[in-house]
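Sharing a structure, written as structure tokens. Questions coming.
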Amino acid sequence: MANFKGHALPGSFFLLFGLWWSVKHPLQHCWKKRQPGPRPKLPSFFNRMDFVEGVLKVFFAFVGIMAEQFVPDGPHAHLYSTKEQAWVKLMNWQHSTMYLFYGISGIADILSMSSLPVPQGIDRLGLSLALFVEGFLFYFHVHNRPSLDKHIHSLLLVAVFAGSASTFLEVFKRDHPVLELFRSSVAILQGTWFFQIGFVLFPFNGPEWDQELHDNIMFITMCFCWHYAVALVIIAISYTFVWLGVQRFVARQRGDTEIGLRKTSKSNDASSQKALLQDSDEE
Amino acid sequence: MANFKGHALPGSFFLLFGLWWSVKHPLQHCWKKRQPGPRPKLPSFFNRMDFVEGVLKVFFAFVGIMAEQFVPDGPHAHLYSTKEQAWVKLMNWQHSTMYLFYGISGIADILSMSSLPVPQGIDRLGLSLALFVEGFLFYFHVHNRPSLDKHIHSLLLVAVFAGSASTFLEVFKRDHPVLELFRSSVAILQGTWFFQIGFVLFPFNGPEWDQELHDNIMFITMCFCWHYAVALVIIAISYTFVWLGVQRFVARQRGDTEIGLRKTSKSNDASSQKALLQDSDEE
Amino acid sequence: MANFKGHALPGSFFLLFGLWWSVKHPLQHCWKKRQPGPRPKLPSFFNRMDFVEGVLKVFFAFVGIMAEQFVPDGPHAHLYSTKEQAWVKLMNWQHSTMYLFYGISGIADILSMSSLPVPQGIDRLGLSLALFVEGFLFYFHVHNRPSLDKHIHSLLLVAVFAGSASTFLEVFKRDHPVLELFRSSVAILQGTWFFQIGFVLFPFNGPEWDQELHDNIMFITMCFCWHYAVALVIIAISYTFVWLGVQRFVARQRGDTEIGLRKTSKSNDASSQKALLQDSDEE
Amino acid sequence: MANFKGHALPGSFFLLFGLWWSVKHPLQHCWKKRQPGPRPKLPSFFNRMDFVEGVLKVFFAFVGIMAEQFVPDGPHAHLYSTKEQAWVKLMNWQHSTMYLFYGISGIADILSMSSLPVPQGIDRLGLSLALFVEGFLFYFHVHNRPSLDKHIHSLLLVAVFAGSASTFLEVFKRDHPVLELFRSSVAILQGTWFFQIGFVLFPFNGPEWDQELHDNIMFITMCFCWHYAVALVIIAISYTFVWLGVQRFVARQRGDTEIGLRKTSKSNDASSQKALLQDSDEE
């Protein structure tokens, strides 16, 4: 992990999930809003999405664990070297542990989507625990490091624990739009912040950052807020496009229905057409 | 910011908003209480107030950012000076960032008031985030300062984070009168405390305060509580006047109706007058 | 305050209120339980109790402030001595501030009991704030003191902040029996712990406690738990007696009604007596 | 306690309760799910289980206190030795105090199960307090110890306080399946972690662990997460078996009913059989 790629990889995962959630959750809510009345038309499609999400999580977690273990300089599943009387590559083991809990969260997602009698909310608890474990391991991860390195990682913890806490709230307040958008935004924040850590600690060109300069720490703190502002803007744009898309989809669907009705009406009597049009208006 | 005016300016903003809320929220609640039954008479006027509030927030935030950037000794939108290999005026950039999030909060207010399908509670989340970011930046702001300076700023954080937490609760407990009054009170507290910081760090006359004297720190801690007691008194007075005003307004309205009824009744028959009077009594 | 009496006084107040609550709240709940159906028979008496409680709080707070200010070695309402260029008796001023917020809490109680349109829950917020301010001032109170002194005061903070948090919860979960009993128990704990602090820091006889001995700190930590166990036992006993008392009172009341009915029935016809007896059974 | 057995004993208790809860709570929920409609068939059996649980808690707490007091090198109920002017075996007294609060929690369980008018939720408050007191005493327990010892005990606190907080939530969200499973999982975690502490601090064979080596601390942190992963797996397995068991039990019960019905139907007329079968289908 101690290079740019090692930070870009988890960053991409979080960014991916954050962006995906920033599309999925607005889609669910706009869909619900456009469809008043007790017609539960969405389940089959949305449930399948959640199922795929769970499977992807498990897959990514598996790939992540394998990568951490079997990269050339990885521990290759050896935990303790009796020859050297020392632990083997604990950093890789810690990252594997983080991936493990995201895998557990994925399994919880899949179980929640299945028809098994799993208590509702276990998927949110799973995600909350995965985030907590990530933050927990990071917290003890960054001791004995230079100031800037420590600071930039502990800012990550703000995003991680905020996500963990708000996801835990979702156990009780399921499908709360504000909590879901908040979760999406901190996931995006985490994703982009991983990239930022990579850029700062392993700059592509130019000199290394001075790890002890107070101005660097001040800038990084502020930069974290900017990342969050960008995450909020992304969420807002995503929400807007989803809403416009749903609007257009519903309008086209209605148009199709009306065209269909007109065609039908030619061969039918006028009174039935009127009744049908009234129906379509009520939708 | 490192002078009295720099503390008076944000102080005035918070004081203004605190006082405004201490009028607005009692007004909403007294109005609701005086009008039993399902008559939603208030929306148009109260919604317009909230809209104006949002626009003012965006405006103040914009002015604040511009002022921080383009004052004579500001950064003029330059972040990094390649010539000097150093960050430019990070203090001003940090304040701009704070204003930016209040601007975002203002936009969230405006969107919530509009007819767009924005999830309910996004305005409270926006305010909560703006307060959190303010506290977050202040927290890392005050390192390496003398004791009294550090202490007086960290007391501010108590007001900021209390406000942020209670506003976050409002996402779930919308229109809860106690939370709204609490938010008003900590906003007033923040406003007056900014002035206090200005008076202590940049005294108009007399000697400078001894930054390391323990008695000064003890006094300042206690003084913070007095400020809050004053904020509570202001809220109580404001609530009382609003309630008396609503009482009188309702009484006069009823009086007008009755006078109107009498005038009408002269030209009408007695039975209709009786019916109308009964209606006005039921109000 | 720096003597045994100075700790016994606030200790007595908290103990008094804790014991009082441990009677009042069980009384309210047992009463409600014994009286099924929608008959709100209790208001006038219980409201009067709450009113008296509020008045007593204001009175005690007033006496406390006066005592702190005008004891022979008090500040006599002088805050800053321009002659000595120093703050006057800040300790007394801090204690006055604590009393002030309990006074405000008392006023909030009285207003809540009145027929004024005060938002529900303002009394709980007032008490929560008073406890928070107490803890807040104590927190900055105990710097630069010997280990044991610091430790014994910071244990007090556990009781104070637990009380403040649970009372804040009561704003939203009003009349929740578990929260009310918890509040009573931490009030008793605070009361007895003030006495304990007095005994430890100003022993009547025997040698002074060694302020730096680790065993003393260990004992005091454990002792705090014992105090809480005792508080729980007191609550349990109080609850039992109140419940037995209500049982007996209700039984006697029913007995009286039946005797009354028998007397009446002698002069009346048999059918009406039967109807009345059925009524009394339904109570 | 300063040996392997002293850690294995409390570890076994927590493991026992954790495993028991991981069977009891799924059983309650699967039972409820299998039995739609308002038939409260479970009380007598489940209440008896809870009663036994309370009695066991009180019994274990009593045994624990006695063991701590009257082991050969225990304090034998002496708290202060006037001869040596010192506290006697405070460690044992602290452990006794922890057991005392679990005893109080057991009493609260028993009272809640009884027909006495105890406020609902007092049993959860009791458990939450017992866990809090355990964490509270441990927190001040581990000062002045080597790094690894301190770290491994403070990880325990994470499990203890997480359990205390989630159990406190159960006062308000009673019978919430996610909270109950979470409580079970942290109880198992606490149990296995006590064993881990024993293995690390008092290894059976091989050299002692280096108390200051940073790699050991990193491993232990990660190991704590693995323990939790195992606890989650145990919960999952337990839940699965309970569910399969309930499924089979219900199926067999229905089978029995049907067989019974067939036997009956031979001697009865056909119409009554049809009615009975419809009843059994509705179950």
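To keep things simple, chains are lettered A, B, C and D as they appear, and every chain counts its residues starting from 1.
As a convention for this text, a contact is a pair of C-beta atoms (placed from the backbone, for glycine too) under 8 Å apart; a residue touches a chain by one contact, two chains touch by 3 or more.
In this text the structure is predicted, and so the values were computed from the model without any measurement.
Peer 1: Starting at subunit A, what is the smallest number of hops through touching chains needed to reach subunit C?
Peer 2: 2
Peer 1: Between subunit C and subunit D, two touching copies, which fits better, same or different residues at the interface, with half of the numbers shared as the threshold?
Peer 2: Different-residue interface.
Peer 1: What's the distance between the Cα centroids of subunit B and subunit D, rounded to whole Å?
Peer 2: Going by mean C-alpha positions, subunit B sits 47 Å from subunit D.
Peer 1: Please report how many Å separate the Cα centroid of subunit A from that of subunit D, as a whole number.
Peer 2: Here subunit A and subunit D have centroids separated by 33 Å.
Peer 1: Considering subunit B alone, which of its residues make contact with at least two other chains?
Peer 2: Within subunit B, no residue touches at least two other chains.
Peer 1: Report the residues of subunit D in contact with subunit A in the complex, numbered from low to high.
Peer 2: Against subunit A, the touching part of subunit D is residues 29-30, 33, 158, 173, 176-178, 181-182, 214-219, 221-222, 225-226, 228-229, 232, 243.
Peer 1: Please output the residues of subunit C touching subunit B within their complex, sorted ascending.
Peer 2: 86-87, 90, 93-94, 97, 100-101, 104, 116-117, 119-122, 125, 129, 133, 136-137, 140, 143-144, 171-172
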